[in-house]
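In order of appearance the chains are A, B, C and D, and numbering begins at 1 in each one.
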């Protein structure tokens, strides 16, 4: 994964979010305050602008810029969560120009840890951390990351939030009424991972 | 969606503009931010009090900026916590050398963004302390969850801490009282109709004509429970009963009662609820030393109310009665 | 009909009860009436100011009872003028020997009932004068019709006459200023949604999702004209344009701007309208010396706003700025 | 017309209003504030209560009591208008125990004049005065009042308000939009006269 892959990753994510803005908002209306699609789209619009304007040396630089966009333009829960994830991911990349699968795994773990730390989240609490945790486990299963497998596990983890009762985030206020609805942040995180898989799979082939 | 707006993505910006144009002698906007500060900020020699959160709760929070309450309010997008850099700008602008106190409502987003700002401020050597308000008893409290929301009771925290700061309290004293205070404030809300986030363009939930939500927050989120329509007296009893599970109401106890309209509930109905709560409290021998009725922490145009009780003592009595000169609350 | 009430025919009674329970040190209810008076009424040595009208406009009018504004407010049924005997009770209770001044909004019912009360009071030797407020420019003025309605501008009449009375003006001086004042106040309103009179149980009119009413009053009545949805800026321009047909807006003129929410319009939107009006007035060189934004004269849970301009001068500046201590408006 | 006729008149009117409460409210919603049915019903409930409780010597006494109910219990425009009409009607009856047709005509004229004076109304302004004025003219046409004729003219006058543009009362605020709707006060006044006709016709027969 080089800096161009990193840029493509985020731009692909941005397009997914843009076209799913209403869907994410609907999900967030069911269990939250109905702004997740709006929040994510605002941050990614800004990030995409920065990625188009500036040039970057390393994947770490790219993720640093994306992190800033999230932290300074999004707010809400997803701003600091995605922002911290990207910041720590960037830190884990260090100054490397190209990331090997080992580095990608470390990057994903750094992001997942950041989400957990920022959100004080545990597995099974119906938050995006559930997806992050599954992603890291799936990526680490094989020495060469099996993206097909990661995708499947990511999808499973996102879908699994549906039957959970939320313990963190706004959905927790609904108590048992949160059961039966997908967690919006988990669905957007799944999109982030799908974009990464697309970019790195195609890089492999 | 029927709203008196120009552009859904500009509502916060234009609102803040409108506030400064309307109150040029009271408020000032920090350039390029969503922060409103007291015109005379920073006030030297007293800790500064900052609050903020998503927009859509007006008059909270910017309406409470002024002598005796807040030094600054930071506004996020509608129902979205403001970003850490905005909060940090506010901290820098109002710090008068005696430190800055942040009043945070307990939402994951607010807590994370404000905490990040506090970290930034500390890195610059500004003394920052904060409290997380969690007055909403609708949700069960538990150390395994994000806990309870901060809702209308937050306004009482602004009032009391603002009065303390004017009176000469130190940042440490304010932080100490704040911790006690939030334990003594309990609120419970309900709604008859949902509201529409401008950028979402449609209501957050739907309610049939004969349904209401009990335990609603202030973000257009569904409540904890859906019931048939209750009368005002029944509604008041339901809200108070839930509060009572958490705050023992004993004879000769002194409380402040805050009735808060969520946006579209006529003042007439708020007073009918207030009447009912007064009757219920009287039956229990609880003394209401002060009643505040109105729209303080709204949820856009949601119809509904919340009831808040604050345990009173002599100090709090004085702080509540102290002068306050803000655009939305005056004493 | 979704309302936080117990019984549609008891809403006024229970609201008044609720107000007195909530503000026992400020307000007193005359036994067996719908009249709320200042706790310390009658105040000796100053003319008393009374207002009133149908209920459903809260905080108008009872919310403005207190030092610096009204001595009493008389509440009728929802959107129904109070009866003469109720007004007469108020007159007797607040007369402190310097006469009583009635602020009447120009509706057939209000005018007739208050005039009958004035006749009753005069028969008892109480000095009574009154003014009829007709600030609503929505309707063409004509000596062949009942003329224009009194709407939100009435609150400014309360404020100014109340300040004059505290300042020592005589009943005659108050009456003289009142006549000038009502000529210098112009208002224009609009609505996005209708409201429901509790006893009627259904909305007064219906509006499609893409329609609004221009020139609405404060009684859930349809407006003068129905249009497609306008933006906030267009709405502000339309309201101001209509006001301008009646009040020449000249450079260097001083005005007070009152933005009044009709009940369900978020303060956020009211400030967006205020912003637009400020920009328009600035373009004309008109100086806004004071802006008041909020819900002062509502129409139950109607969504909409009105814009009011009052020509200012030095005296009025002082009267507007003078102390006022009421439950809904403080200075 | 004796005191019992007067009582029957008002009780019949009360029943008509009670069963037309919603209809009158609908009419008032179209051009006013939607409370005419509620206002009239409140006043007449009270009047009926008084008429059932007390006994009266003369028609004038009955109308005096009804007037008080309207003035002290109704408010709005209809309270003082009906109240003043009844008060002046009562005055015109004086202490007579029985009213001849001449007296009834005078009573109707006194009521019409009171409405005109209180409301500063003229004919054609789309108010209840339009009906009162027609009633007086129709009653005075023949020496013995022709109630069939009065009824017809009353109905015509009430119906005619539909095509008028209002000049007085709340409907005037609607300007041209008031055209096409019946005036609620005119419709209730028509009911008052119908009740009177019923009572006096049957008294004749």
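One rule holds in what follows: a residue touches a chain if its C-beta (ideal position, glycine included) is under 8 Å from a C-beta of that chain, and two chains touch if they have at least 3 such contacts.
Computed from a predicted structure; not experimentally measured.
Asker: If you drop chain C from consideration, which chains still connect to each other through contacts?
Answerer: A, B | D
Asker: How short can a chain-to-chain path be from chain A to chain C, counted in steps between touching chains?
Answerer: Minimum number of steps from chain A to chain C: 2.
Asker: What's the distance between the Cα centroids of chain B and chain D, rounded to whole Å?
Answerer: Between these chains, centre-to-centre, one finds 54 Å.
Asker: Where the CA atoms of chain A average out and where those of chain B average out, how many Å apart are those spots?
Answerer: The separation of the two C-alpha centroids amounts to 32 Å.
Asker: Distance between chain A and chain D based on Cα centroids, please, to the nearest Å.
Answerer: Measuring from centre to centre gives 74 Å for this pair.
Asker: Give the residues of chain A touching no fewer than two other chains, as numbers and ranges.
Answerer: none
Asker: Can you list the residues of chain C that touch 2 or more other chains?
Answerer: none
Asker: Linking chains that touch, what shape results: line, ring, star, complete or other?
Answerer: line
Asker: Once the touch criterion is applied, which pairs of chains come out as touching?
Answerer: A-B, B-C, C-D
Asker: With touch defined as at the start, can you tell me which chain B residues reach chain A in the complex?
Answerer: 54, 76-85, 107-109, 112-113, 116, 136, 138-140, 144-146, 149, 197, 199-200, 202, 204-205, 217, 219-222, 224
Asker: Can you list the chain B residues touching chain C in their complex?
Answerer: 2-6, 11-12, 14-19, 21-23, 55-56, 58-59, 63, 192-193, 209, 212, 229, 231-233, 235, 257, 259, 263-276, 278-279, 291, 293-295, 298, 300-301, 303, 305, 327-328, 330-331
Asker: Please output the residues of chain D touching chain C within their complex, sorted ascending.
Answerer: 25, 29-35, 38-39, 42, 71-81, 118-119, 125, 167-170, 172-175, 177
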